[in-house]
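Next up: some structures, all given as structure tokens.
What follows is chain A paired twice: with chain B in the first complex and chain C in the second.
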Partner chain A sequence: MSTFNPIEFRGVRKAFRFFTLDDLSLDLEPGQIMGFVGPNGAGKSTTIRLALGLLTPDAGEVRLFGHRMPEAQAVAKRDIGYVSDEMRLFQNATVGWHLRFVASIYPGWDEDYARTLLKRFNLRTEQTVKGLSSGEQMKAVLLLALARRPKLLVLDEPTANFDPVARHEVLGEFTDVLRDESRSILFSSHNTVDVERISDRIAFIDRGRLIDSRDKEDFLERWRRIELQVPAGATLPEIPHVVGRESDGQFATLTINQFTKDTLARLGGAVRRVHRMSLEEIFVANVMHHRETRSS
Partner chain B sequence: MNPLTRKLIERELHMHRWMIGASILAGLAGLAFVARGGSINFNVGFLIWLTTIVAFGVVVAMFGIASERKERVMNWVLSLPVAHGDYVRIKVVALLLCFCVVWITLSAAAIGLILAQPGLPDGLLPFAVLLCVFMLGNYSFVVCSALHVHSEGPMTIVIVVHNIAITLFMFAVAAIGDISSHMQGPVAVWNPAFWTVLVVELAVFLLLFTLPFFVAARRRDFI
Partner chain C sequence: MYSGIHISQTDERPMYLQIMEQIRQRIAAGDWAAGKELPSIRALAAGLSVSVITVKRAYLDLESEGVIVTRHGKGSFVAEVNGLAGELQEAKLDEHLEAAAVIARGLGLTDEELAARLRRAARDLEKKK
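Take a look at the complex of A and B:
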């Protein structure tokens, strides 16, 4: 079995005229589902294109399963299923033609699984691609990626064109794929609900920089929003790791990114309520904090 | 050639099979007009034959490269185990094969017609050969441009230049006395003027055919 990580970025830089992805270091380990979250234009697709060898880094190194990219992309891509919302199949060909075409390329093609997915996604082999809705086309693309049983699935905003029901179906399939613990997924999205549902590791990216990357549970445990009531004239003790502070008269809300029991002990009786934060709230607070830090 | 390369080339031929068939039929229909004799039939038939080859070249190049990129099908193809350099090479070879099926058939039919038809002077043969080879080079120009140009505006200019080039070529060759003076003659004259133009045409074709291998295939960023 390969000892290489499915994805390794080391100090990667890629500059465009109006955007630079800078000093990106990232690891996706075997069996891991990494949610790659960032606002529009943050650099998610650029990162994925670098990973797949479609772009060449200006500096640093990108490796997939130990293969240096983009030089070894043809070899590396044998083990990868890549799905992007900016991807379409041959419009005049049928779904069945695509199934036969991909099956003839990949020795690991799982015909039974392909049939199951066809049924589950309500697709028919005789349908031409141009007759499918955009959501159905994306399902067909996903089917073609999933049924080849790749070691690594790279998904770039795969649920962007889906209605809520389709999104539920598709996310369920990703979870099924990950029952095989040797498979990995890099899942890029700005929809934190989808990411929170399937990922076990999260990386936040904003304006071309990786701002945080850790286990999902770690994020959810470390971040808290604390409501306080501070009597007039009283001052709050110095609290470390406060990334956001809102005040309204004697009421205040602190956002903390390294919450511990010690935090509550320091605040004492001023604490009225402690909120766990959703991934979306953590993401927004994280991004805003980093933007403020960088601009100052 | 690895199996995936072969399959992608076969796919290109498969995708364009109806257009290839229709173009051959249209070109042959044009030559059938020519075979009926008379200057009107000659002009109409020649125009149909010429337009068929020229239009087929543009349509195949646009469908095979520009539309594939615009409709984002290329993104899916590049998700397969193929490097972008291979993608460029596959496109050049596959689209040349598609064109050659039509081009060889219709060029051979035209030359055969000149040889077989008593009403058509054999002196036309050098001009016909030069015109056919020019169309091959002109097609390579469109394919080469489509692989290097990514926006619609410049590509439109490429198509206009491609279409005008045929007319300019015919005017230019007609202006070469050593070629035009023998066109109505009973025998084909393969003189140095003919060979010079042919060598230039082949050199241009080779340059345009191989340029994508050295430029587009080596591009650092493909999408």
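Take a look at the complex of A and C:
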């Protein structure tokens, strides 16, 4: 049993003419789902391409299961199932043809699982691809990757084209993969509700930089929004880890990224309400704070 | 499968608390008897379509509360504690009392006034019987 992490980035840099991904260090451990979240153009797809060995880093190191990329592309690829919403199937071929094709290439192909997924995703082998809706085509692409039972699934915006029912179906399949604790998933998404639900670890990326990466529960436990009322003339005690502050007259709202009981003790009677934050709120606050810090 | 447990998106509480609460209910009601093996963390996560870390967090907190015991490599079990259901009820009572204390504070009641009200409520309950 290998002790190597499925994915390891160390100080990775990749520069393009108008965009630079810089100083990226990241670890995905076996048995985890990592949600990769960032605005458009943040560098998510670049990072994924580096991980797959489709791009060569200018500096730093990318390793998959201990293999240095992109040199060990062939070795690492055997163990990776990659799906992006830009993937296209052969329009004139049937679903069944694709199944046989992928099964002939990958020894790990699980025919029983493929049949189960066909039923769950409501696809039929005799259907031609061009007769499928875009959501159904995406399901077929996911099926082809899942039924190979790869040790690592890399999914670029896998739920973007799905209706709520289809999203529910595929998210269920993703968490099902994790019954096996040697398998892992990296998936990028704009949909923070999906990410919040199924990720063990979350990485936020913005403008080519990793701005935060930690266990999901850590994010949800540390971030709070606190509503305060400070009587005129009184001043608020200084408290640490405030990343956002809005005030209007006596009323103020603080956003805090390392909330503890001590925070409340320091604020005392001024506290009116304490709100937990959704992953989406945390993400937006985190990005805004990071941008302000960088520009000042 | 474990479809009895569910996660609500409109529930303000985090997912791990929702899971804890529903497991506690099953134990308090006696549906899950002492010694019963809980689903494995990975099985429950897959069954609920939530992350492993969320279920892990729920199990760890239930363990530190003494509601379940986890034996390394063997799984998690409902704790063999006498009167566990009672303990859960007591914890629930403390929760409600704390909430009452908060409201009393808001109304400007003294602790003595709050206690008097509680005695009156208990007396009213007796009369109703």
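Assorted remarks:
The rule is short, and it goes like this: the second predicted complex is superposed on the first by the 296 of 296 C-alpha atoms of A that agree within 3 Å, B and C clash if a C-alpha of one lies under 4 Å from a C-alpha of the other, contacts with A are read in each partner's own complex, and residues count from 1 in each chain.
What we mean here is this: a contact is a pair of C-beta atoms (placed from the backbone, for glycine too) under 8 Å apart; a residue touches a chain by one contact, two chains touch by 3 or more.
Everything numeric here is computed off the predicted structure, so don't read it as measured data.
Once both complexes are superposed on chain A, the partners chain B and chain C fit side by side without clashing. Once the two complexes are laid over each other on the shared chain, residue contacts for A:G31 go to chain C alone; chain B is not touched. In the superposition on chain A, contact is made by A:V193 with chain C only, not with chain B.
Of the two partner chains, chain B is the only one touched by A:I105; chain C is not. Once the two complexes are overlaid on the shared chain, A:V75 sits against chain B while remaining clear of chain C. More residues of chain A lie in touch with B than with the remaining chain of the pair chain B and chain C.
When the shared chain is aligned, chain B comes close enough to touch A:R88, but chain C does not. Working from the superposition on chain A, the chain A vertex angle toward chain B and chain C, CA centres, sits at 150° in steps of 10. By the document's definition of touching, neither partner reaches A:F283: not chain B, not chain C. In the superposed model, A:R49 makes contact with chain B only, not with chain C. Using the contact criterion defined above for the overlaid structures, shared-chain residue A:A145 touches chain B, although it does not reach chain C. Here chain B and chain C sit at a least CA-CA distance of 25 Å once the structures share a frame through chain A.
Residue overlap on chain A between its contacts with chain B in one complex and with chain C in the other: absent. Residues of chain C touching chain A in their complex: 7, 9, 12, 14-16, 42-43, 45-46, 48-54, 57. Contacts from chain A toward chain C in the complex involve residues 31-33, 168, 171-172, 174-176, 178-179, 181, 193, 197-201, 215-217, 220, 276. By the touch criterion stated above, chain B contacts chain A in their complex at residues 3-4, 7, 11, 15, 71-73, 75-76, 78-84, 86, 220-223. Those residues of chain A that touch chain B in the complex are listed here as 49, 52-56, 70, 73-75, 77-78, 80-84, 86-93, 101-102, 104-105, 141, 145.
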